[in-house]
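Below are the structure tokens for one structure; questions will follow.
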Amino acid sequence: MMQNTAEKFPKRYIVYGICAVLLAFAPLLLDSYWTDVLNNVGLYAILGLSLNLIVGHSGLFNLGHAAFYAMGAYTAAILNTLFKIPILLLLPASALTAGLFALIIARPIIHLRGDYLCIVTIGVGEIIRIALINDIFGITGGANGIFGISRPVLFGLKINKPYEFYYLIWIFAAVTVFLFFRLENSRFGRALNYLREDEVAAEGSGINTAYYKLAAFVLGAAWAGMVGTIYASKMMIVSPESFNFWESVIMFTLIILGGSGSIPGVLMGAFLIIGLPEVFRGFANARMLIFGAAMVVMMIFRPQGILPPHPRKYPIPRMDKTNRMSENEGTS
Amino acid sequence: MSLLRLENLTKKFGGLTAVNNVSFESGQGSIVGLIGPNGAGKTTVFNLITGNYQPNEGNIIFDGQPIAGLLTHKIVSMGIARTFQTIRLFKNLSALENVLAGCHCRMKSGIFGGMFRTPAQKREEREALEQALAELDFVGLGEQADVLSSNLSYGNQRLLEIARALATRPRLLILDEPAGGMNEQETDSLIRLIRRTQDRGITVLLIEHDMGLVMEVCEKLVVIEYGGKIAEGTPDEIKENPRVIEAYLGTEEEDE
Amino acid sequence: MEFFFQQLTNGLAIGGIYALIALGYTMVYGVLKLINFAHGDLFTMGAYLGLTLLTSLALHQHLGAFPGVIVLAVMVMGLVGIIGILLDQAAYRPLRESPRLSAVVSALGASIFFQNLVMMVYGAKYQYYPKNILPKTVITIMGLPIPLMRILILLTSVFMMVALYLFIQKSKVGTAIRAAAIDQGAARLMGINVNRVIMLVFFIGPALGGAAGLMVGLYYGQINFTMGWVYGLKAFTAAILGGIGNIPGAMVGGILLGLIESLGAAYISLAWKDAIAFCVLIAILIVRPTGLLGERVAEKI
């Protein structure tokens, strides 16, 4: 009860502020290699945040998120190479394709129990990858993929160098954090949590659980689709192997390790899983081995992750009364 | 005037008929008790009313409209709220957020409103918060708004479920063993709470094994045994009914 | 006709392998309601341990081809079964009281761990079983040739499945397993040592999976550290197809999936072969989530 007054400005906000300042100036201190590492961290952070809506907030196990990422990347690649549409204008198109695709596949299976849903998402991820390899509709370029995707152009400035991409990606990440933070502290965000906690009770409290499950899937997929667009223009090439099962596992793992349902946790997870192996490159082979073991150990000793979510805070108007009560309890 | 009317309701699970041709009515503003031995099918009747199960036969009429076959959240938004026999709170969320779940169906804002905090969204959030706090006060948990629901005492968890149900602004409140696990004091204040709920114009339908509570608070009782209705009437009539005495005393002896 | 017959027998052999792996999923799921994601990797371990033992001990040279392979199979099954028990003790047992999804994450982690362990020990390249361990006899049935190997695989897997089925249905221990699958609490009250039942399930399931790994090594000759993932997913599909938690269901589902995949690859498209199983999976979950032999259970509210 004390936390309402004592934590009006929690210390962790200072830490967040310092991290934000460091991130803002990082490219000035780093060479282009390390800037590019941070670019990848940023992309996975946004992917993680989008998957976090589905896995962390709604408790729906999605191990096929790479399929939505691929949808966005390929939509951008195809429309850009065929019709020369500028990459950044394709963001809504990618979001729409990925979101629509999520809606179509999730609609018939959304009522299934959690672990079944998990298996289906794995299956869908694989079907998409195989479809891309088989050059479905003759537009995906088969196993080689699509190349010659153009760079993004923002206000006449062509984004080319790693530090330019850095600001594009991390501004996108910052906007995502801002919007998703507000979203999780709203009616929509709460509804996802009710769903995760107890589906029957949520439905019984008047929440349209099927709608919110689908909405989480579609929104998360659409966001991953947009990340796919940025990725396509950063690499200038997309190919099926960039969207295999392990990509989905990495996105999933970074959420679980960082703290599912927690924005700082997901960012932390992205740094650990994408950034750390770069620091210890000698152990590159053991990377996945350690992740696997870490997932098991984490579930046993700290299932909530490194930085679990903080409870939401509400402006409770009768604060004075509450404080008086708790003080009384303290003295008696 | 009847708010809820069940007509020849039947529910089968495989070969087992859990509810067999049950009919009764709940008058507007009344408190009706559904009683009967364990396993008689009382909770199944509730699950049929709230759309958790679909009846094999029969109709459920709420405020003149048939509701059988509708989805649960739809039924809630029409004005039927419930509590669960096995407490089903959102354990990792605060008492306040549990009650806010009930406010959900009377709110409108979606993804856009949440992301961009439109004036309408802010107003709606503020109103929901006020209502949720008011419902917590109503059940006597106003001081525990911040407490994690799983940290509340058993009796308070039942009260929190009632607050969550009331936050949906129901016209019919369905309580499944609300006094289960409560001590005498808590049961007394529960009786007062049920009466105050009735004073708000809300019709109450409840299942309860505590006969003291049932006889004191209910205006009408419906008795179910083996899925079928065996009696209906005022508490005094039910006390005298030979079939009920047989069913009840019979089972009580078996229990011992 | 001969082409069809070849696809049919090939499908039956693959189906037998799927069924053996599916049994591991279904038994664990039946008792713990957990998808053991690491099961596919235990299958991989079976294949690799089989290769190591085969090359180091050369039993087939000392004992003759068939007795050698049988002894090898018993050794592989025992080893993989023990790994299965260790897996349960380390990754799942501490999570018995946790939410189910925690156990799923742990299972995924264990899968990643095993897969990369195999990669670090044996390398990322394909490994090859020595050729001609078993005679490459082709026998002729009604004028149609079948490799003996296919018949052996199908017969062996059917034999193991029938033995398991009889064990579960007729023996006292089998009854305990079935009881624990229905209601662990009640089983415990009846004096059944549920922990021992779980250990047994985590021995039998992986042992069968390990045997399937050995069969794949002998049948195809090449193995890879990632193969457990694809085989595991397909076997899981088979388990769902038949009705998860249901032992005859896993057998029927496995054989059926092997046939669908083999015939689909032959008559629809070879390039889409791996997608067929997943399409079947999605279709079955939409149309009949309880599987072919599964029963619908009303959720208690």
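Order as written gives the chain letters A, B and C; numbering starts at 1 within each chain.
Basically, a residue touches a chain if its C-beta (ideal position, glycine included) is under 8 Å from a C-beta of that chain, and two chains touch if they have at least 3 such contacts.
Please read all numbers here as calculations on a predicted model, not as lab measurements.
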Chain whose average C-alpha position is farthest from chain B's own: C
Central chain of the complex, centres being mean CA coordinates: A
Inter-chain centre distance, chain A versus chain C - centres from mean C-alpha coordinates, in Å: 34
Centre-to-centre distance between chain C and chain B (centres being mean Cα positions), rounded to whole Å: 48
Where chain A and chain B are represented by their mean Cα positions, the distance between them in whole Å: 39
Contacts with two or more other chains, residues of chain C listed in rising order: 301
Residue numbers of chain B (touch at least two other chains): 52, 84
Sequence positions of chain A contacting 2 or more other chains: 200
Complex contacts: residues of chain A adjacent to chain C: 59, 61, 63, 105, 108-109, 112, 114-116, 118-120, 122-124, 126-127, 130-131, 133-134, 200, 245, 249, 252-253, 256, 285-286, 288-289, 291-296, 298-300, 303
Residue ranges of chain A in contact with chain B within the complex: 1, 3-4, 179, 182-183, 185-191, 193-194, 197-198, 200-210, 215, 219, 311-312, 314-318, 322, 325
For the chain C and chain A complex, residues of the former touching the latter: 35, 90-91, 94-95, 98-106, 108-117, 119-120, 229, 233, 236-237, 240, 269, 271-272, 274-275, 278-279, 281-282, 285-286, 289, 299, 301
Residues of chain B touching chain A in the complex: 50, 52, 71-74, 76-77, 81-82, 84, 88-94, 96-97, 100-102, 104-105, 107, 109-111, 113-117, 121, 124-125, 128-130, 133, 142-143, 145-147, 164-165, 168
